[in-house]
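Just so it is clear, A, B, C and D label the chains in written order, and each chain counts residues from 1 on its own.
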Amino acid sequence: MCRFLLYKSNSPILLADLLTRPAHSIIMQSFNCKLRLDMRRPMNGDGFGIGWFDEPRTQGCIFTSTLPAWSNTNLQRLAEKIKSALVFAHVRATTGDTATSESNCHPWQFGNLMWMHNGSIGGFERIKRRLQNELRDEIYLSIQGTTDSEHAFALFLNMLDSPATRVEFSHEELRQAMLATIAQLNQWLDEAGVEETSLLNFAVTDGQCVVCTRYITSADLDGASLFYSSGSEFKSEADSGQYRMVKANRREDVVVVASEPLTYERSDWLTIPNNTLLVITPRLNVHLHPIRDKYWNPRRRQLAC
Amino acid sequence: MCRFLLYKSNSPILLADLLTRPAHSIIMQSFNCKLRLDMRRPMNGDGFGIGWFDEPRTQGCIFTSTLPAWSNTNLQRLAEKIKSALVFAHVRATTGDTATSESNCHPWQFGNLMWMHNGSIGGFERIKRRLQNELRDEIYLSIQGTTDSEHAFALFLNMLDSPATRVEFSHEELRQAMLATIAQLNQWLDEAGVEETSLLNFAVTDGQCVVCTRYITSADLDGASLFYSSGSEFKSEADSGQYRMVKANRREDVVVVASEPLTYERSDWLTIPNNTLLVITPRLNVHLHPIRDKYWNPRRRQLAC
Amino acid sequence: MCRFLLYKSNSPILLADLLTRPAHSIIMQSFNCKLRLDMRRPMNGDGFGIGWFDEPRTQGCIFTSTLPAWSNTNLQRLAEKIKSALVFAHVRATTGDTATSESNCHPWQFGNLMWMHNGSIGGFERIKRRLQNELRDEIYLSIQGTTDSEHAFALFLNMLDSPATRVEFSHEELRQAMLATIAQLNQWLDEAGVEETSLLNFAVTDGQCVVCTRYITSADLDGASLFYSSGSEFKSEADSGQYRMVKANRREDVVVVASEPLTYERSDWLTIPNNTLLVITPRLNVHLHPIRDKYWNPRRRQLAC
Amino acid sequence: MCRFLLYKSNSPILLADLLTRPAHSIIMQSFNCKLRLDMRRPMNGDGFGIGWFDEPRTQGCIFTSTLPAWSNTNLQRLAEKIKSALVFAHVRATTGDTATSESNCHPWQFGNLMWMHNGSIGGFERIKRRLQNELRDEIYLSIQGTTDSEHAFALFLNMLDSPATRVEFSHEELRQAMLATIAQLNQWLDEAGVEETSLLNFAVTDGQCVVCTRYITSADLDGASLFYSSGSEFKSEADSGQYRMVKANRREDVVVVASEPLTYERSDWLTIPNNTLLVITPRLNVHLHPIRDKYWNPRRRQLAC
């Protein structure tokens, strides 16, 4: 089971304050995960990736490694220097027979778009060929690895006009492409008779807005966990390693979405309901949209976390 | 430009005597190549792989690394311990945008078959989708990387019955599958209007016999170099690091095929002509077969090496 | 907290049957350790190493990697091919600021001797210079990394005559050198006023006999766990991934020492008492020797495991 | 033989314009070195490192890798984003038995000081212990690797007061410490009777000024090559990959020092004479100081380059 984190704010944060210094950072989660669905491979030590944007309307930067995040000295040093107002971070546990290689590390980018995924597409091998055949050449040929996650990104890109060259996208457009991606996957999985459950926590950004989902192909089960928090600043309480989401005023200057809470203050965090799409606009407004397809079930009981 | 080496003998050789100790080993070639077609990326430092069989009718073993061969201490140590009578070795220089990852290191194996390639398929991206669509599912889904070389292996496997489970193959069958693979690639490249030249030095083994090619999709140009040598023993002259192919009697106990001569004794080595298929039978007989397709040209002038 | 395993038998075992196939192998332990002293860094994902001997009176072979063991395809493949009757295996969690590098992976070898360590020397930095100054040049200059563990090996070597060139050692000699090493460390730590506790589970072999310790610099606390098991064969029950120590007759054909039991059958395993030295003779006799220094305490209460 | 490059300017340069885009960048040099003393290991593929400062009076950042620079996708991506006005870069070829590990990659930093070395200390193993014993504890314990180069840095640090905590240093102080380091090495090498030649091209910075040397322990031989160039801007001529040092006015806004010229315009580059120390002041003045010790020889014939 992987983990991801995305951060968007009005002013840049030092990556160390988000990734390496918090006592319950995504990197510490990589060996101390409390909220897991899948205990067979409980640890996220099969590589990680970080993506960030330094200015709007440009391609982001990505740093990936197959070494575990917690022992990566380059990550430790870069995080002390790089600031960004829009960050994606992902730690990975390989699933099935997928190789550990940098090509298989999240996030991926294509043009100005960046993508990551927490979960897996059940029975992916049974729809892989069909998915690839649907892709336009420039997208098909851009695939560097073998994961279901990168292929889902390719399918998403295929829903957009000119993803390689466009500088920005409306959040409405990204939202529709995300919904179309999930709908298309569902259709193919159904037609292939796949019965395994898929966990589709996707996140995508064009450097300006963010669209992400908490989604499971089941009307009963609980999807992979996803939380968000917002406030005026994400910062450390003294030098304790304990971070808090400070809510100094009513403005939202910071939004964080994460597979697990990054702070010990549980009230900082709201659970994103199952089968919900979340949008963060360029101005940091957050909208939750239920995904009302056949797996929508408002009476589904959320597991306590 | 990559380099490969294959070794087959009646009795096992210590890998060190083949790979790490010879002064002009394939590993030294990785930074001192004299016979190159492509000078833009002259160095083979983008990973390497070694495959070997310890007993007939079993799957071989593969060791790959994205670290350069010459500084790989695991390779140095393993080579001092492992003996084998059938060895494939490959050093790699990335071409184009192909990622450096272990998934992209030669050789590959599937069931008992092992494959490596020196060269590249010109315009591969224009036939990739068609090639993938031709593959049976078990082969299509086994692909772990993005290289033209691994896809050529997949196409070769697709020419065979039950490649995943069969223990051995006749050299005649492997030879026909190799020819069919090259013919199929040529047909697709033609139909796609590809004009780039392909260099198709392939090698395959089932652990018993070996089939390899020196091939170029041109009737005029010279393909990537390929040499072979045979004798009674491949061994060091004292501790000089200078190795020789000893010809103590008329029997052939050792056959080596390599992109460049492994010894400084030029007379030890015969040039394999362009567009020729070479078979090494289980009993170490060597047969050369011209590949008489539209690129066959007996008057082609071999470049002096 | 690291983990180690050593295996000695009359006939070679396939490394896979020891390392990668058992459901509770040392590699699975690397992310599912139940018996830990130190919960701050609970996971052994900072590299691993395997050492083995293929024939007596020769130097062993070592394979190390800074990638986690569980995702290392080279390890998976080699383990399916290599057989050995004397194996050391170690998974590592970095402690303090020690870098993750192959130079810091256990085991190490020097001449025919091989060494690994589970634990740490408390306050090592305060005796490091003194230790280095005690070493003979050939040993001092052989140190490749920065760990306390490799330096403890160097000190051990310094207790022996001609460790670089001798082919074998009596187990009595290795035992005395081990005791002298621990005594010397204790003396220096005392003189430096170090109060941190040291955990000194060391293992050494010359390829014929094995000497290892469970030791803690405390008369009250419990040292890092260490168990052993012996029998006629270590093998799988059907294809379940569940391994057992089979005791088919009264002969001891296999001895395993490990930080944690490798099988779920708890009765297969005996706890090695704190501050005890264990010897496995070339003929597979096992002797336990209490280490009766100032930390010896027969009334120390063993923690239940 | 390694290679290094240092860049200091009034305004930040994109690292890509210095490291990855120039046709004759230090990375291309890593496999196409024309000016070499040592042809036995002609290639710099054993790792690289980059250090840069983003603002004065703070510690710099370092990115190192044991993968070759030319195939490192993280380097490619980071270089497209990071800007700096003070950059150190180093590509490495291992010498002797020194392990390829990130701990052995240049540059190193300690407090605000950053160091790299091109060359080697002949007979280093014969003075290593004496050097280590001379070091103050905080410096001795900071050593992470095994190279002569890192130990030379340690000796340099030992010449300074409070190197761990001071924010800046005068260039006069760094110059004196550099000369003292070389003098001390020479004295120890002499006393140890070492006859091998040492190549001591060192570079150090505190983030404000730079001191570097071209030095050889011989009055006759030519040291490892070192060049410098200055001008108003280091930039590309169109998109050719050909870079030039533009001299638009008489001000010096950019100074580059490099083992080999970075541009094809030979007249851009001045050879730094053997046994000379070069200072770049915070205001970008460049001073050359002959090192007038026993190896000083004004009549030494420079090899043409």
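We take it that a contact is a pair of C-beta atoms (placed from the backbone, for glycine too) under 8 Å apart; a residue touches a chain by one contact, two chains touch by 3 or more.
All values reported here derive from a predicted model rather than from experimental measurement.
Between the chain pairs C-D and A-D, more C-beta pairs are in contact across C-D. Annotation: 41 Å between the Cα-based centres of chain A and chain D. The residues of chain B that reach two or more other chains are 73, 99, 102, listed in rising order. Contact topology of the protein chains: fully connected, every pair of chains touching.
Contact residues on chain C toward chain A in their complex (touch as defined above): 31-32, 41-43, 45-46, 66-68, 70-71, 73, 94, 99-100.
Contacts from chain C toward chain B in the complex involve residues 54, 61-65, 73-74, 77-78, 80-81, 102.
On the chain D side of its complex with chain C, the touching residues are 99, 101-103, 125, 128-129, 132-133, 137, 140-141, 143-146.
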